[in-house]
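Each of the next two complexes has chain A plus one other chain: chain B in the first, chain C in the second.
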Partner chain A sequence: MSKEKVKGQGMPLGLRKLIHSRELVPFVLLIAVIIVCVSLSESFRDMTYLMKTLSRYIELAMATLVLTMIVTAGMIDLSVPSVMCCSATLAAVCFHHGVPMGVAIVIGLIVGMVCGIFNGILIAHVGLPAMIVTIGTQNVFRGIAQIFIGDQSLGKFPDWFNSWEKIALFRFGTTGYVGVTILIFVLLAIFFYLLLHRTSYGRKVFAIGANERAAIYSGVNTKSIKMSLFVISGFVSGFAGILTMSRLLLVRYDMNQNTEVDTVVMVLLGGADINGGRGSMIGTFIAIIMVFLLKTGLIVAGVTADQQMFVMGLLLLVSVIIPNIKTLIQAQKDK
Partner chain B sequence: MKKFLYKNVKETATLVLILIVFFVSLAVRPELLRSASMANIINSILMWMPLNLTMCMGMMMTVIIKDIDLSIGAEVALSGMVAGIFWRDVWLVKMKDTNEVVIILIGFAISLVVGVLLGALNGFIIAYMQIPSIIVTLGTINAYRGLTYILAHGKMITNYELPPHLADLSAKGIHIGPLLVPWLILIALVIVVIFFFVLRYSHFGREVYAVGSNRTAAHLRGINCKKTELMVFTITGFLAGIVGMMSASRFGYVNPQQTGNGLEFVVISCTIIGGVSVSGGSGNVIGVFLGCTLLGTVNTMISTIGIPGTVQKFVYGIVIVLALLIDKAVTTMQRNRAMDAKSARKEATA
Partner chain C sequence: MKKILAMLLLTAMVGTMILSGCSKKETPAEETTEETTETTEETTETTEETTEVKTLNIVFIPKNLGNPYFEAIGDGFEKGIADLEATGEYDITYEMTGPATPEATTQIEYIEAAVQKKADVIFIAPNSNDALNSTFDDARAAGTKIVIINGDIPGSEDHRDAAIMPCNFDNVAKAQIELMGSYIGYKGQFAVLSATTDAPDQNYWVDGMKEIMADKDNYEGGKYKDMELVDVVYGDDLPEKSTTEMEALLTKYPDLAGVICPTTVGIAAATKVVETKGIADKVIVTGLGLPSEMKGYVESGSSMGFQLWDPPFEGEMGVYLAVAVKYDGFDFSAGSSFDVNGTSYSILDDGQIMSLDEPKLFDKNNLDEFTY
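Up next is the complex of A and B:
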């Protein structure tokens, strides 16, 4: 932390920067959640249990990382869980029609990318508003899954495909292990952090979010950047869908239903601005951990998954209202 | 005539589509032409419409002012659930002897009040805290639905706990030949007519269009945009309260999971194919009515000609996307036409 003083402010620059940073809110919330959870329940001191439950949320978290970039660029993608479902379903359908599992996985990934391209064409090239398009495509993708398998569930995958999250990276204690999916998630998080905050591509994403017209005039190819964001989103969502299928051992058309709000909560709690131009991969990472701990805490406290919707909804409202209050007060002062 | 068609191109297209869907399905299954099965088909279209049509009026206003309300399904469930809890825990326990009409009216009042409160909360956060409506309603859809689960305690309000004559609203009605027109659709039509006049001729209605087409201009013209926005969401909540009762009457239960589930997507599809532009400021009641009829016809015909029900979700999604594309194409066309006319005029003067 630097020691130099800013004029008129009695605070070291580093501290001031820290207080105004977007990651502060999720970080404080994370500490609060950890304190409450650990003091309430024994199981939170059990690393084995935590790692096991973490692998249950990790697939959605992977897709959330890309959603951060999309929100930073001033758009939104509500179709992420549907893409996960669609690509997993089509991979499973292919497998059950005699395609080898390895090829089926590749098909699933391609399906995810095609979904992303579909979104991208409609949003970037046709110029339709992202939120309504993805509300529509959300139904389209899940509808495709439903057409193919109806109310059935497909399972019976080969042994090497099942339960990837149980492949231990390294073990600790008696039964504890860190699964390979957690490693993939961390690697993806680092990759997207570098992409968003350390490359020209990332700066362009910020530029589009802050002021799209200005970005166009300064020579950014906004269409191709938007398109690429949705293709990346589709690809990672497809990959996450296949990991989910491997964890659940089967696939149904209602896989990950109603989790759109979770993804958006994680991104917005992480300090991304819904109007675009601001976003932080570290913040999203912290928010993911926080939401995971909160959900686990609620389950331990005996709140059912249905009733958790209430908490997640409130959390979303709070996460958008708090930063907005700051700007509203500022606007009042400026008057 | 040509000018009329050009001006109402979206409505005409919807009307043509309805006829196409109708005749194609008749061509596939000619035996449907018998009067008994025809009456059945029209009846099931009529039964499908009231809930969606009523809700469409609210959604139409929110889309006109460039907002969107995703939480209507949850609002319907929560308002229906609160009224249902009143019937189950108060009427059946303490007020057994009261006149049933009074009881039904009290239930309606409770449902409407709850709906208005929920809508007003949405509107307050959206208008006065200036947060995009899609995010707020994405939050409240979960908050309201979760609250419904919490209130329901995992139980649903069954047929026996609803007032027995509530079902008459959907089961009885006016007979026209072999055709039964249920009371519900008549209520919905009355609401549609009211909205037609409100949006076209009242002060409030014109304000809604003004805020939607250019917010800054409306503000400078002296319209209280925030108040209009709040009002629109409150009215949507009010309609959700009505729909909560309609769905209790139509389905004979209030279920925290099923009631109003996916309603928002159907209603958004209806509204957008009804020609309400997502860029705000345009759209009218007749178009939305036709859009709703189109989707009702498609929905009924899908099941009548034997396509499995699993394609429903896909159809709704594809309909939204197609309607967005058509909307974009029409607006681009109209703008190009206007520009051509302008440049032609310029050349003429030069």
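Up next is the complex of A and C:
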């Protein structure tokens, strides 16, 4: 025992820090997925295809960044895809009632924030469990979209609004390009990284997740922090919804339906603790890329839809088990 | 020690995950690589012998996987491909792939993956009339043809190359009345139990039936002049509502000889009503039904027969259409045609191809052959 301890201490500090960092698991998985995917299909050596496919996942990924902070604060938001849908739908409805597209977009963003405020009031001020509230609002927000447009598609937007994801930042090869939405995502990721890991606001988020009572006694206004998290979530989700609408050229009530699990998987795989207090923006970033590659890889490899669901379910379990494995072993030893 | 143990376990977990991931995915991957190597070998061999193997890449994307109706279309694709490959002239790559749930935009990723794999033709049963338009445009710009199968996308016809229709809908009304007439001896009252009041296809057929019956004294030499269309009711494609409406019809019209249900939900519910009441020989129920749902009623004698489309043939037609597009210069222009097993099919002005002229009859003589 003592020998091992000496060995462990002998490791260079950087390596030890790396091994214990929360980004290790997603990073190892990412490498594994890349290896598997590249060996599976030639398509994975085709950057044009990858970039095009990535632009399809990027909107949901933006909202996932905010979800990382919410999970870090010990809560969850399962209404993200529904907020995306609701904001985009109401923006589109406004546009079709004569509101200029620019104003309609602003209305969409406001709708997103209102959805967030609604969640926030119920969770932060009324004190209801976030899981229950957002399962409810998930249906409420999508229901609103369905009430407004039913089973119809709403599209025919002005040309300047359509296909923002195809605005090329720079081009490569014959048809390859990196779309502007990918840049927005990267900028958002940097912004939220700084917010969560480099500001006092971020420290408070961690404090709430680790021990809310202690945070209150330390003078943290937990209610306003929680509220602000859901408002940010609503705003970014609304923005992501509008980007999705621009990409699809239309909106439907079932936009992004059943993607709630994907968002949670990305956050948890990124090293966030479902019980709060732990979370990593870099980890989520890596996990987003990993889930995107995995899903694309499974489809290109011709894995059927039900088997894909199996893999995603397995991934969710693994993402919850791995970060807690140390604690589990510790608990076993203490017995 | 604890930390090292934890690390070991962690690596083991990751390892098993990767392994399980690999083994799960290996099967299709290995198959495809083997196939491709085989085909390249074959082609090199055959080019030496100067006989050319025609390659073709077809992808079929159903509304969702696990739907027996679309599985039947898939069977048709496989049959057509097997027939063509048996001639030795063709080497056809075929894949049936799609989402688990029939949502409007879940098919996008499958279309993009098919384009990435350089599919020549994508056959798709879309979940929305317009949600896939931009994806279709991108696919066609990349050189892949988009053919809608088992229907069309009204309002978005500019975004697809063609549509294989299950049946010529103009003939459904007449075919259904003829079937009803043949079962009731062209005599007596009949009613229609339809889907919802705004179901476009059903309304089109019901209007067609009304037109025929309004002109029954002159239509086809007065063949249907002793038949009377007494009522049209709507079961909203819900089993309970259809049952209620059917029972109301029986009460309201005691002399009713038959009911036409041009909807699969309606016919199943209505047949169950006459079976339960033991009046299946007095009130004949027919219409458009799914063989899998109607099988029990046909076996028990409660249903004499019904009609529907021929999904396997739609798939088979797709294969020949794809061959015609790639090798025979078929360019989807109106009036141009291609052959399926010796019968010529042409494309209409609106880009539609009718796989059936009239709906196909299913009764006790042929029902066992069908799985959908």
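Methods note: the second predicted complex is superposed on the first by the 323 of 335 C-alpha atoms of A that agree within 3 Å, B and C clash if a C-alpha of one lies under 4 Å from a C-alpha of the other, contacts with A are read in each partner's own complex, and residues count from 1 in each chain.
Just so we're on the same page, contacts are C-beta pairs under 8 Å (C-beta built on N, C-alpha and C of every residue); 3 or more make two chains touch, one makes a residue touch a chain.
These figures come from a predicted structure and were not determined experimentally.
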- request: Mind working out whether A:314 is in touch with chain B, chain C, both or neither, as first, second, both or neither?
  value: both
Query: After lining up the shared chain so the two structures overlap, which partner does A:32 touch, if you call chain B first and chain C second: first, second, both or neither?
result: second
- request: Based on the superposed arrangement, let me know which partner A:133 touches: chain B (first), chain C (second), both, or neither?
  value: first
- request: Kindly classify A:252 by the partners it touches after superposition: chain B alone (first), chain C alone (second), both, or neither?
  value: second
Task: Check the residue A:329 against both partner chains and state whether it touches chain B (first), chain C (second), both, or neither.
output: second
Message: According to the stated criteria, A:301 is in contact with first (chain B), second (chain C), both, or neither; which is it?
response: second
- request: Report for A:147: first if it touches chain B alone, second if chain C alone, otherwise both or neither.
  value: first
Task: Pick one for A:46: touches chain B only (first), chain C only (second), both, or neither.
output: second
Task: Please write out, lowest number first, the residues of chain A touched by both chain B and chain C across the two complexes.
output: 258, 304, 306-309, 311, 314, 321, 325
Statement: Seen from chain B, its contact residues with chain A in the complex are 68, 70, 125, 129-132, 134-136, 138-147, 149-150, 154, 256-257, 265, 268, 272, 278-279, 308, 310-321, 324-325, 328
- request: Would you tell me which residues of chain A are touching chain B in their complex?
  value: 76, 78, 122, 126-129, 131-133, 135-144, 146-147, 150-151, 258, 260-261, 264, 268, 274-275, 304, 306-317, 320-321, 324-325, 328
Query: Residues of chain A touching chain C in their complex?
result: 1, 4-5, 8, 19, 25, 28-29, 32-33, 36, 39-41, 43, 46, 49, 52-53, 56, 153, 155, 162-163, 247-250, 252, 254-258, 295-309, 311, 314, 318, 321-322, 325-326, 329-330, 333
Statement: chain C contacts chain A in the complex at 1-7, 9-10, 13-14, 17-18, 20-22, 24-25, 28-29, 32, 64-66, 95, 97-101, 103-105, 108-110, 112-113, 116-117, 128-131, 133-134
